[in-house]
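Both of the next two complexes hold chain A, though its partner changes from chain B to chain C.
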Partner chain A sequence: MFQDILVTGLVNGGIYALLAVGFSLIFGVARIVNIAHTAFYMLSAYAFYFLLVKVGMNFAVASLLAVVLVVAVSMLCYKLVIEPVREHHAAVLIATIALGLIFQESLLIGFGGHYIGIPGAIDGFAAIAGVRVSYQRLIILVVAAVALSGTWLLLHHSRFGLAIRAAANDLEIANLMGMNVKRIAMFTVGVSVGLAAIAGVVVAPVYVVDPLMWQTPLVIMLAIVVLGGLGSIQGSLVGAFIISYVEAITVFAVPSGAYLKGAVALSIMVAVLLWKPEGLFGVVFEEER
Partner chain B sequence: MKRGSLKLLGGLLALAFASACAAQNIKIAILGPMAFLQGENHWAGAEMARDEINKAGGIQVGGAKRQVELVKIDTNEILSVPDATNAIERAITRDKADVLIGGFRSEAVLAMQEVAMDNKKLFLGVGAAHSKLGVNVKENFERYKYWFRVAPTKDTDLARTVFAVLNTISEQMRRDLGKPEPKVAIVAEKAVWVEALLKAAQDTLPKMKMSVVGVWQPSATANDVTAELSAIKRAGADIVFTIVSGPMGIVLGRQMGELQLPAVAFGINVEAQKDGFWAATASKGNYVSTLDTYSEIEITPKTVPFVKAFKERFKRAPAYTAASYDAIMLYKDTVEKAGTIESDKLVPVIEKAAHTGTASVLTFDANHDPVFGPGKVTGIAVQWQNGEKVPFWPNNWNGVTYKGVRPIILPKL
Partner chain C sequence: MNAVSALAARSWANLRNEVLVLPSRIAVLVWALALLLLPLVWGDAYVMRVITMAAIFAIFAASWDLLAGYSGQVSFGHAIFFGVGAYTSALLSKHFDLSPWLTMPIGAAAAVLCGMLVGLLCLRMRGSYLSLATMSFPLILLGLLFALPELSGGELGISGVRRAVVSPVSNYYLAVVVMLASVFGIWKIGDSKFGLILHAIREDEVACRASGINTPRYKVLAFLLSASFAGIAGALFAHFMRLAGPSTLELALSFQVVIWCVFGGMATVYGPVLAVFILYPLTDFLGGFDLFRDVRLLVFAVIVLLVLLFMPRGLGPWLRDRAERVCPRCKSRNVFTRKQCRLCEAELR
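And now, the complex of A and B:
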């Protein structure tokens, strides 16, 4: 059972990390609570399905194009919907909720409420410590590791990353120093949604694609970023694996309560917040900044 | 001036005539989640019935033939129960429907039932299985007598069918695979309609010489069950008994195939009843089996012609909510016998009905639930075999074998 928990938690943690890190990134830089974040993940899964199955593109091209398209849509949405109200946090929250629902309803109209399955890139499974893991899930793990490493490199070893970190440190000072913070925020939205879009593309062949698929990960993602410390990328990464392992332990330890895995994860979040209201890495991150 | 007056008079007469014609139509509200497959089938089955009836001149009400007019009511009940109650309210008050047909999600249908009963409107349920819908009739007949369940059978009868099929599968396992007491893992989504079935399974399976190795209850919207399947593999299950209606049904079939889990999946898996299941599982759902309603086998003399006509018209096989066809045909027979569309006068006629439908012979018990058993409602079981949905049950069950059933295939365990 131990190895089952270890492997299951690791794979699911990779997906959660992709979502949560992107969400944290844009919150850290522009204080945007993007509730539509997982809706972009859903949009990417649908774009991938459309390009792969309906248009007939190959796997790699369809994946890449789906991510690029969704990033472009996200930047457009930022420009048209979020930027005009960015200074008003409540308005941003409501605007992004509306965006998520617009995407949901549009997909419902366009594709119907059908559950869509997408073929995987590679068939078969590997046995890791006696646990069967499909190759597609291993791809998720590898892609998550590459994408997250790439994000880290971007943030710490590029001028753009430096600008993002400067903006995250103090948006007003960055502005006064002559940095184009609006453009930085927009490109950060692109990077942030890019991670969600990658998650959407890699999970599409494993999960079922449907117009409600953004809702469950939204709650889990919010739990992760609050647990890790709002705006802390490091915290989101750690939080993703904590929540993922808590879910795995719940399923294995209390099979008939498997539906409670989300609730248990949220309870852990509440417990941590009672102990450390700023989240696990909130203070450390503030100091880093 | 005179010509103008004549034109006005003519217009008024035409309007009055059109209104009179519309008033002559019998309005049937088809309630379902129209953006989803269940609602699409509600509507498709109803369209077939309407066209057939209207082509034959309509429904004979007393001395007049009246055409059928369908009203499409999107209940959105999969996403929102309040939407469903608003929708049925609208069907009754604004659209002035004469009869209500459909519903799918038990939680929503229980709420819609209240609205229909408040308005003393005949409501023929096609889709929801929860027993409470029928129990309401027994407990408060005067209020709930306008409710009849056409399809599916109530949850406890679904359980009886499921256990009968499970018995067939376990016997085959004992015989072919030398497993004296097959191990069963129960995977049931967390939903209202599952409760009675789950309890019955836990009580009944040990009596049927099958050991229950565990119960896994993911959320109804779960779309990943790898953790559950790993645990099931560790438990050494031979049969994965499924009670699922949501997307989990696809993921379960697909992930079982991907991980080559050495077990047979059988139970209620609504997604596996659909034509699109094979594609949705990326061709991995081999051997997944489920209870079902329609197939090209002779359940009644009407089954094969109906399924063929449905496939020809809609380019897909009917799902169980296409029994809206049977509901409308039952309503037609009832109205013609009673000579009226008044709900109070139709209730006693339906109570005594024996209607040969497309998937069963419908008769009703005191709860206004369809009577289960050989020669009445049995259901069928199907298995996905290399992309084809193959009916395999009933095959010599209580003397019932439907012409066209083929054997179930057990994967190599």
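And now, the complex of A and C:
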């Protein structure tokens, strides 16, 4: 059981980290609470399914194309829907909720409401520390690690990353220094959704793919991000593994834990917030007025 | 006799000088009267049902507006109060066989307790943290209910709850009268000194504290009041649908109420009610056509998105700004057709 918890927590933690880091990025830069974030994750799972099974492409091409497509869609959505209302906090929330619902319903009409099975890249199991782990889960782990380190490199060792960090630090000052803040925000949306899209592609063969699959990870992702501190990438990483291990322990060690895993994870978040209202790694801002 | 006629004359003068001068007030009056008179002219069971549901959700939406619109505590888990109201009254009705007239107030009281708990927990948080933390409360409760299927009925919920009144028309009147009273109450609260303080807390909490206002107390009070109305809505829902199920606690309901309020216009009370009375019958009606059944939610989302893009402050204030204009000198409202302010006779631009 101990090994089960260890491995499950690690794999889920990787997925959650991909989602939460992307969400944190765009929140940090443009203060956008993107409820549709996991809807893009769902969209990429469906795009991958369509390209792989219906069109008949091979794995590498289908996954790459799915991610590129979803990123393009997200940047278009940002330009058309989010940017015009970006100043109004509540309006952004509703707009992203509406976007999520639009994706959900479009997929429901296009593909039907039933579960879709997607074949894995490599079948079979590897035995690690006595636990049988399917190769697909190992792929998830590797891809998550590569994507997250790639994001870190992008943020800390490129001009674009510098621009993102500057904008996240203070959007107005960045604007005054002559940076094209609108374009930075749009490309940040691209990077942020790109991470979610990668997550969507790698989990598609393992998780159930249906038009409601975005809702459960949405809640968990929001819990992680709040737990770690909004806008803090480090916090999202740590939060992702805390929540995934709490979930894994609940599922394996508590009777009827499968029902309770969400409740326990969310209670942990509330408890942390009561102790540190700005999250684990959040910055305490002077009251914005 | 004299006293009666004097009273009648006074109320008529009040009506003519205060209500009939502004299109928005006429609209509210006509809407309230139309709701009360509708069953006399059009007692169709389907219409009764849709408007009853719309009335229940209008209470719920207005209660969110009191909390989020006025005091700025944007809760994403308002369904917890609705769900606590619904489950409490359904459980009491089912297991102790109490009369619905007793279980509904008890359900609302349970929601108030829950509101106090949530309000106290939320005192330390603000902004997006508060929104996202409140979102988790109904989901935690939902997880607990699923883990105790003997008590809660699990995924199916508690069905076969007794109705307070039997016929569709009396159910309609119950919901509509409670709705009118609650919405009027919420509007009065929002208009009072208490409502003013809530506005101040939303605009600038630090300045508010510096002026000697005990902001934590007002924030918890806002949670309590809002929860009580949401609890009433939940209890009405349970007894009308004869069911208290997981749908009363789901994320979808919490989001739905946010959509209604932002669509209608926040911190207005009339906005959310207007939005519910437009959007709920619309989505229900469209669902009746085969052609639209699948795209119903899609149409809903697209409408909401378009409204947001063209009227970011919501439908209610947008309509009101078209029908009335504000006097530049005394800030009172006038019909858009007037050239002079009706109170101070200043030139209207």
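By definition in this document, the second predicted complex is superposed on the first by the 282 of 289 C-alpha atoms of A that agree within 3 Å, B and C clash if a C-alpha of one lies under 4 Å from a C-alpha of the other, contacts with A are read in each partner's own complex, and residues count from 1 in each chain.
Please note the rule applied: a contact is a pair of C-beta atoms (placed from the backbone, for glycine too) under 8 Å apart; a residue touches a chain by one contact, two chains touch by 3 or more.
Since we're looking at a predicted model, the values are computed, not measured.
Applying the stated contact rule after C-alpha superposition, one finds that A:6 touches neither chain B nor chain C.
Within the superposed three-chain model, A:131 lies in touch with chain B and out of touch with chain C [touch as defined at top]. By the touch criterion defined above, A:90 reaches chain C but does not reach chain B.
In the superposition on chain A, contact of A:252 is made with chain B only, not with chain C. Once the two complexes are laid over each other on the shared chain, residue contacts for A:213 go to chain B alone; chain C is not touched. In the superposition on chain A, A:69 contacts neither chain B nor chain C.
In the superposed model, A:269 makes contact with chain C only, not with chain B.
In the superposed model, A:205 lies in contact with chain B only, and not with chain C.
By the touch criterion defined above, A:115 reaches chain B but does not reach chain C.
108-109, 215, 256, 259, 262 are the residues of chain A that lie in the contact sets of both chain B and chain C, per the superposition on chain A. By the touch criterion given at the top, residues 33, 35-37, 40, 78-79, 189-190, 214-224, 226-228, 230-231, 233-234, 247, 250-251, 254-255, 258-260, 271, 276, 279-283 of chain B touch chain A in their complex. Within the complex, the chain A residues that touch chain B are 1, 4, 7-8, 11-12, 108-109, 112-120, 123-125, 131-134, 136-137, 205-208, 210, 212-213, 215-216, 247-248, 251-252, 255-259, 262.
Of all the residues in chain C, the ones that touch chain A in their complex are 74, 121, 124-126, 128-129, 131-133, 135-137, 139-144, 146-147, 204-206, 251, 255, 258-259, 262-263, 266, 294-295, 297-298, 300-302, 304-305, 308-309, 312.
On chain A, the positions that touch chain C within their shared complex are 27, 33, 81, 84-85, 88, 90-91, 93-95, 97-99, 101-102, 104-106, 108-109, 215, 218-219, 222-223, 225-226, 230, 256, 259-264, 266-267, 269-270, 273-274, 277-279, 287, 289.
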